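The next part holds the structures, each set out as structure tokens.
Two complexes are shown next, each including chain A; its partner changes from chain B in the first to chain C in the second.
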Partner chain A sequence: MTAQPSSRWSLFLAAPSLGVVLIFVVLPYANILLMSVREPSTTAVYGDGFTLDNYLKILLDPFYLWLLWRTFKIALVTVMACIVLGYPVALHLARTPSRTRSMLYALVLSPLLTGVVVRCFGWLVLLANNGAVNMLLADLGLPRLRLVYNEFGVIVACVHVFLPMMILPVMNTIQSIDPRYEEAARTLGATPRQAFLRVLLPLSLPGVQSGAVLVFVLTASAYVIPALLGGGRVQTMPTIVVEQLLGTLLWPSGAAIAILLSIGIIVVLLLLLLPLRFAARGVA
Partner chain B sequence: MRLSRFLAGTFLTFVYGFLLTPFVVVILTSLNAADYLSFPPQALSWRWYGAFFGSASFLTALWTSILVAALTAPLAALIGTPAAIYFVRHMRKYREAFRFAVLSPLILPEILTAIALLFLFNQTVGTYRSIGPLIVSHVVITLPFVFLTVSSALYNLPPNVEEAARTLGADARRTFVHVTFPLIKSGVVTGMLLSFIVSFDNVNLSLLLKPQGQTTLPILLMDNLRYNFDATTAAASVVSALLTLSIVLLIDRLYGLSAVRF
Partner chain C sequence: MAYLELKGLVKDFGGVRAIDDVSISIEEGTFASFLGPSGCGKTTTLRCVAGLETATSGTISFRGRDVTSLPVERRNIGMVFQNYALFPHMTVAENVAFGMRMRGRATSEIDRRVDHILQLVQLPDHRRRYPRELSGGQQQRVALARALVFEPDILLLDEPLANLDAKLRVEMRSFIRSLQKEVGITTIYVTHDQAEAMTMSDVVVVMFDGKVHQVDKPTAIYADPRSALVAQFIGAANVVPGRLVDGAFEAGFGRIVARGGTQRNDPVQAVIRPEDIVLSAEPSSSSFPVRIVDAEFLGNLVHYTVETDTGVTLAVQALGEQRYDIGRTVHVGVEGRGVWILP
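Let's look at the complex of A and B:
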């Protein structure tokens, strides 16, 4: 569709949204950036001087480094589990005739449409120490397992909550791949396995990549899931930031943690994306 | 071949089951007749729903959530719709930058946005008792949804209908009121309903920005899950999930779920 010549008044259409983004996104983020280099104070929000101590204190503290590592470990395991569980489902949804498809599609979307607290509640009831799974194990005469209030429980819930974010982009990518490519490969003598591994899979990697980015960012910055399924015993960077802000009111140091987390997410994403890109090129 | 087919079928059933499991668990828990939370339930009853609708704190929180979502949705539509029209119809330069700016609340980690806004509000208005800052934060986070659904509706508009209206003598205002808006209404309404759901279910922003002494349903649920969870919490969860589900069905009934397309 052709854009009409932009007249001067048309800028008024963009003004409200730009104003909102400027005042309530750009300004607050600039503000925490500034706050993270101010001196902490007990009487005001922050002291007078500028300092990098807030960052140094965190970067030199093994506890925070370990927290950062744990946050990313949980996120990476979640991404891998989402790829393993999500890819077959995406392939199935993309290549299934439409009647059953819409029902299964609704099923995949359904977790997105209920709040994260409700979903965590379900997992708590199932995985708790006297929950359904452990009751079943006890009935079978097996020893009970610790399934919540540890990293395992957090990862299970993260995989469940963010799985649709993997399935949807992969499904969209596969749907946009012309089925004739596979047919051509088959005609030229490829087995179904070869046609999948050498044609469909490489072509669908961009979808896997966007899914992986989404799931990684969402998991690494998730607060509710580790707070509930971790039961206070699984601290991650987001839970420690919120705790610092609500509990101890150490704002400059909380701001520094938040910014280090964002920088960390970006760095890990770049490290994660480069090999994927090479893989896509290599296989193709 | 047959074996691999069977294995594939089993795997898919497992994943679809995995996606559904927590909902089934919450629903069964909410219908449990026992005094203490146990699973699976031995007998069924509606008693926890009675407890939910008899609880002042749950009802107040539910009301606050509905109020915030009902105020957020039209505000997001009012700001997001012109942005989408500007982006699709008028913008030539800096399109990617503009798109990125409007979608940024969706791209940035929500908990960080919440923290940043908390700082901003505390430094400017101090501690507050109104739900104003909470609504502002929800509008920020739902703006991208309206932008996406309205842009998508604009792209799907039959080409040239607006030009036809203009050629036939309608001015810009009449063209918008009688031609453009009726055709993109599906996008606006879908965006509003999505905004309602997103606001209604939000935890990160509500947790940090709720006014003192007030709480929303997801926050109250979360507090209960942390400290003393009983089956009333399950009933409350089901009620809130049913509310969002009915909005999804409403979207489907009005325009089809395919209208939710970005």
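Let's look at the complex of A and C:
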């Protein structure tokens, strides 16, 4: 037996997953790309001719650019909130002795056990104008707040739904950092706070980076959350795509918006990754 | 006054006693090794001195000042870890400068000192390298530089040579020792390697099962061990039961003049080093007969196993060629350090 499987063998072993990627990712994207350069039709999904009008119409319309900006703004605020809320949890989970750890870990994962739709309705019950939070505020004699059907409500639900995607990679990264780095910092005269800021935090940035990428992508492409908690008043790129496809039946136009959203996400991710990669330059 | 003093130090880890009533005092400028098998508590003792572990009871003092409850960062220690723990996101210069940065030293002073210490550890051209670009031996020297550059009161080394290959280990042994002498810093060196402890130290602290068995000069640890465990851990040793009669050790198969022990007729244990036993074909006044039961030829020396007529087996080490065949009867005498009676 050879230690390394031959490349033909490894290709054979990878075939199922390559097939899945091909069928469920590459082909649909190719289809959407194709659809986005076809002429609209009232009788079929798209007409016969090829055109770039779908793109031009979107790129020349400030509404769509504003929508793209809002989608990314919601995603970036969600990412930042997830870092602020998730990092301490991840740190605690990674550095806590084993007995309480598994319970906390289960708690972090527990939101994933419920569907997104159910959790969104949960937030509606809590945050609606007659919801639990506003009733409590009223009981305390405070004015009611508009907590849903606006960007705030969408961000709250996004943070809740995607927080585990931040906590898990950060926790894994911190767990893989040898605690002796912090000990070494302490022996060199660093207080616990300095040891954290100078050593653990920079070393854990790759985990924050993975988490930020995951949360950003998931939030920017989320449909259910803005649809439910926005209540039709918070349009984002994904909701407008669905509206074009199902509402106005403009499939080529919807496809073009989807492609532009994908390109936009890739551009933002590259911009996001640059400074973090620079900060973590010495980490193997 | 002792420079470093541990008094009745105890450390429990959830019901398991890692170190048990350790009391040691170490003089200024001393190179002291903590030697023992893994799990004997030597690293835990070092970590207590560093402040990385909090002792369950007992006290630690530097120059008469009690530091038992002082946090790590205020003890002014330099420590080298087994895996060096160099910060992977910082260059060599940044790693070395870290201790002085934490102490708020001026940039010009930091630069000057980093240059000086990197000269001292023979890595002057590696300032801008990252730790992962260095070999094990170079990382080791950066770790030493980082621990020494801010002039700590004491240097703590936790098995620093364990991750190096055999040849480099021997080189680093003398490098660390000469660096320590040059800087003149009081040093604690934790190791399970007796050769390291013997060659480098002024004082060796031998530990087993969380207890200190002996604190002595390397030569005394070897020649005059305080217990059978110490005798057998440091080098090879024949530990033979017998009696002490009129200053001579009597073991049934013969009488041998002995060192140590007090005049008494009680059962005692004697330590005889294999290289102190001499085999000869002819009997002499102080020899006794044995039979060769095994012989291993190692090139420069021969390891014999011999058996006395009372059934006691002894290990014997002889230089040169194998002169006696298995099964032959020869005569044994004890020379050199002779027989040491365990207290």
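Keep in mind that, in the parts below, the second predicted complex is superposed on the first by the 257 of 284 C-alpha atoms of A that agree within 3 Å, B and C clash if a C-alpha of one lies under 4 Å from a C-alpha of the other, contacts with A are read in each partner's own complex, and residues count from 1 in each chain.
By our rule, contacts are C-beta pairs under 8 Å (C-beta built on N, C-alpha and C of every residue); 3 or more make two chains touch, one makes a residue touch a chain.
Fair warning: this is a prediction, and the values are worked out from it, not measured in the lab.
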>> Taking the superposition on A as described, I'd like to know which of chain B and chain C A:199 touches: first, second, both or neither.
In response: second
> Which partner does A:95 contact after superposing on A: first (chain B), second (chain C), both, neither?
Replying inline: neither
>> After the superposition on A, what does A:188 contact: first (chain B), second (chain C), both or neither?
In response: second
>> Which partner chains sit in contact with A:57 here, chain B, chain C, both or neither? Use first/second/both/neither.
In response: neither
>> Looking only at chain A, is it chain B or chain C that touches more of its residues?
In response: B
>> Contact-wise, after the overlay, does A:132 reach chain B, chain C, both or neither (first, second, both, neither)?
In response: first
> Touching A:70, do we find chain B (first), chain C (second), both, or neither?
Replying inline: neither
>> Quick one: is A:20 in contact with chain B, with chain C, with both, or with neither? Answer first, second, both or neither.
In response: first
> In their complex, what parts of chain A are in touch with chain B?
Replying inline: 1, 3-4, 6-7, 10-14, 16-18, 20-21, 24-25, 27-29, 31-32, 35, 45, 85-86, 88-89, 92, 104, 106-111, 113-126, 130-132, 135, 160, 163-164, 217, 220-224, 227-228, 231-232, 238, 241-242, 245-246, 251, 254-255, 258, 261-262, 265
>> So in the complex, the part of chain C that touches chain A is made up of which residues?
In response: 50-52, 71-74, 76-79, 81, 83, 85-91, 98-99, 102-103, 130-132, 146-147, 150, 156
> Okay, in this complex, where on chain A does chain C touch?
Replying inline: 178, 180-181, 183-191, 194, 198-199, 202-203, 280-284
>> Which residues of chain B touch chain A once you look at their complex with the stated criterion?
In response: 8, 11-12, 15-16, 18-26, 29, 37-40, 78-80, 82-83, 85-92, 98, 101-102, 104-105, 108-113, 115-120, 122-123, 136-137, 139-140, 143, 147, 154-155, 157, 159, 197, 200-201, 203-204, 207-208, 218, 221-222, 225-226, 229, 233-234, 237, 240-241, 244-245, 248, 257
